[in-house]
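Structure provided below as structure tokens; questions to follow.
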Amino acid sequence: MKKLINDPADVVTESLKGFAAAHGDLVRINYDPAYIVRADAPVKGKVGILSGGGSGHEPMHGGFVGMGMLDVACPGEVFTSPTPDQMLEATKAVDGGAGVLHIVKNYTGDILNFEMAADLAGGDGIQVEAVITNDDVAVQDSLYTAGRRGVGVTVLCEKIVGAAAEEGKDLAAVAEVCRRVNAEGRTMGMALTSCTVPAAGKPTFELGDDEMEIGIGIHGEPGRERLPVASAREVTERLTTPILDDLPFASGDRVLAFVNGMGGTPLIELYVVYHELMALLAARGITVARSLVGSYITSLEMAGCSITLLRLDDELIRLWDAPVHTAGLRWGA
Amino acid sequence: MSEATHITVGEVSAWVRAFAVEMAAQKEALTALDSAIGDGDHGINMDRGMRAVVEKLDTGEPPDVAAFMKAVGMTLISKVGGAAGPLYGTFFLQFGSTAPADDLTPDDWAVCFAAGVAGVRSRGKAELQDKTMVDALQPAADAVSAALGEGASFADALARGAEQAEEGARATIPLVARKGRASYLGERSTGHQDPGATSSALLARCAARTWAA
Amino acid sequence: MKKLINDPADVVTESLKGFAAAHGDLVRINYDPAYIVRADAPVKGKVGILSGGGSGHEPMHGGFVGMGMLDVACPGEVFTSPTPDQMLEATKAVDGGAGVLHIVKNYTGDILNFEMAADLAGGDGIQVEAVITNDDVAVQDSLYTAGRRGVGVTVLCEKIVGAAAEEGKDLAAVAEVCRRVNAEGRTMGMALTSCTVPAAGKPTFELGDDEMEIGIGIHGEPGRERLPVASAREVTERLTTPILDDLPFASGDRVLAFVNGMGGTPLIELYVVYHELMALLAARGITVARSLVGSYITSLEMAGCSITLLRLDDELIRLWDAPVHTAGLRWGA
Amino acid sequence: MSEATHITVGEVSAWVRAFAVEMAAQKEALTALDSAIGDGDHGINMDRGMRAVVEKLDTGEPPDVAAFMKAVGMTLISKVGGAAGPLYGTFFLQFGSTAPADDLTPDDWAVCFAAGVAGVRSRGKAELQDKTMVDALQPAADAVSAALGEGASFADALARGAEQAEEGARATIPLVARKGRASYLGERSTGHQDPGATSSALLARCAARTWAA
């Protein structure tokens, strides 16, 4: 295992400390239980926005804490959901009296821990609503699975919902926006290489020099199919077609196109994929109204990418464009 | 009716500590099972959690079974994360909140254990045959109550419970997972024993050992 | 070679097209000769800022084109300096009448091509000043070498000089600021893995599973020494000590601390390194006034990092904090 | 004095085209040399550049040597990049701007070639023994003028120039590089022949072949 770390057991805490040192103007960090909270929290009268999950997906979620996005993020161990006590303390830290929205990626562990946290918070008289993101079209959604995983759309939810909260929308309205973003967005990802959980010390899955994995999650879960490596054109096509067919996206739709790097893939390649995506969308008569290209929801050092499409309306565009000031996303401020 | 043995908090503590020793011993084995159909951390999670439980208990054990089991549950919930944390946490919490103020009779124990299992099921929404820990816990609970109902000794009842739990865990091998991470694999989840069911069978086995005649 | 590309010969152009599609609000792209220019160029009366070099270092340089930073960037083939005709056209495109500054990384190829471009531009009556960055302490600077390579400080120069130009400073003053930033900054880098030039198809150098290369450049040039992989603590120490001793930085200095990823290293690791760097600087009584953590000057998909320290004064801090709006760096706008 | 042969633009074109063929043939070999002490692209750069030159010439050749060599130089400068682009480009530009309006005499050719070498040296600031193309080009220029001065035929003079260039290229092997990327390696640059000196020796050899008696 080649990583710039010390003891694998300390990587999450040491990385948090580095983050705190670099972004002390934006956030405060509590270490036990661990959460990264907006420096000016709680914001009186504003709905608090909380998200969290396993670590290893940086900049998500801690890098999205700040004005116009998250009020607080709960980091778990690498690829392990955080715990209810963390979420409870974090919820208390950002309750400005208007209640707190929990944005939860759909994994059994995350769901169960967030449910318990919501129960506990309710017990403490804090109004909590939870919205689950489940945008991964690689997983068939049926009664016989834990359902689709929450992936790329989570980043877009956090930005858009954060803006809705800044506008002063109430908890119900903010949760409604979050559900809409999740409902209008779809994602699919692929890997050129596996990733190595520091505590495990070896790659989560083995992939040959000439193989790629299509339909992966963000924890090195095995994907939908393993194929010989292919051109950016073919890869983009394989990721985009299931997305387009699933919603389905139609000619005339306006979308936000998000090409995300998995952690080990450089920008030069992500823009090649974005170029291919533009061609596919143009051919379908879909208008790209907004875009995001970069590594925002990652899987440690995995090489690969995911593509997310979100159907936009005027309100979502306005909320996307609203000012945001976080370590990972910043504009208008 | 089974004879009215008195089950003390000390015995319950011995059971929980035995489970901690077992989780440390089976850490690699459980993680290997989880690598096949999950994300390869079940043994790590359970060991991390039970270590924390023992540390907590070593700072002073709660006086009664109710408080004791609630402390165990809360510790697991706050230290494990993932799916197993809240599920095992709920099991112990429910066991504790169902326990009477003073010592337990075997029937009390069976009722508490069944309450714990019910808690896991309502928390995780898993049915039997979904290839989860429920497939080990439910048979154990049923077997213990049935045995006590038939007048078996507490030791014998727990032995039967452990056998049924192990049987249930083995029976998860051919199943297709319908809950948890393993469900993402669909058909590919068959042919592997469920890690959570395996750890749950060990919990039942530890009980049988603790109260063996 | 595992990359999200099509024909290796097309990677630079296709990536540029993707970049143009994603950032059409910020830049225009000319393809023959290739340059990425601010959408509103030339800015009347403002000194134009031009930089360029081989591709494969994204977001540098194209990602730094926009208000408050570069007016234009010239991308060469991967790891090959651009050509004088490119630079000449780019220079003409951004001359707002106040002359154009060329920021040149110190590599023979870059120097020679920029020199010819300056001659040509002079011939066309455009006032051009060139400033060379050479901050890499891994290379001994002597009469017997081509001198130190230009690396991390280049990014900081482009930001600070861009702000100086926006302030309306004239060409001589802007060039002076650029020379000062280069003089006050030092960098050293390391690699955990090599990188693969698409046209070559195989790694530029071989590195064992248990080896790392200390003192690398940004083109996969071999470094100063090859060592067994070590902890983030030891790596940070090996990179920082030569930097501190070289300027030298002294107790009481205020610095900008820049931890840069080489392309394949995720943020979680860069923050661990940043945490170690903070400890080293605190021990020396050096104050970190500003920071930058992320992958800004990369070497394709290479895993590794570089550390840059820049000694700051009030003017440099003011210029660093000034608004910038580019694809790669954005604040205050 | 050498006899007054007339060197036509057609012959100069044959020389340049022969060099293009040679660069294509030696692409891998030159790149391998550059991999050892540089960044492994010299053969790729030279081949890319000379291909562009031939494409340009195929669209119509300039009428005189001066215009012809300037076109070659400008094409290399705009297509190659790196260190070799401006250096070879300067060589051809200087050769062209030194050439007389009409055909060249051998002495003219020697003067033009020397001017090209001088251009490379002032552009790259390299001294002899710095382990660069200058170590092949300068000996070639000197040998040709000397030979012509001694009354040798143009063909013989070029043959001597080629020999000296090759000798100079081989002599770069033990040298420590003081210019270009190779200089970053310091002592580790010894034991390898300089790629640019190698391509320059091929340029001289192509001239000798073109005007062989």
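Lettered A, B, C and D in written order, each chain numbered from 1.
Throughout what follows, a residue touches a chain if its C-beta (ideal position, glycine included) is under 8 Å from a C-beta of that chain, and two chains touch if they have at least 3 such contacts.
Nothing here was measured: the structure is a model prediction, and the numbers come from that model.
Here the chain-to-chain distance from chain B to chain D, counted in touching steps, is 3.
With each centre defined as the average position of its C-alpha atoms, the distance from chain A to chain C rounds to 29 Å. Taking each chain's centre as the average of its CA atoms, chain A and chain B sit 33 Å apart. Distance between chain centres (mean CA atoms), chain B to chain C: 57 Å.
Taken pairwise by the contact criterion, the protein chains link up end to end in a single open path, with no chain closing the loop. Of all the residues in chain B, the ones that touch chain A in their complex are 39-41, 44-45, 77-87, 89-90, 123-124, 176, 178-181, 183-186, 188.
The touching residues of chain C, counted against chain A in their complex, run 2-6, 11-12, 14-19, 21-22, 55-56, 58-59, 63, 192-193, 209, 212, 229, 231-233, 235, 263-276, 278, 288, 291, 293, 295, 298, 300-301, 303-305, 330-333. Of all residues in chain A, those touching chain B in their complex are 33, 54, 76-77, 79-86, 107-109, 112-113, 115-116, 139-140, 143-146, 149, 197, 199-200, 204, 217, 219-222.
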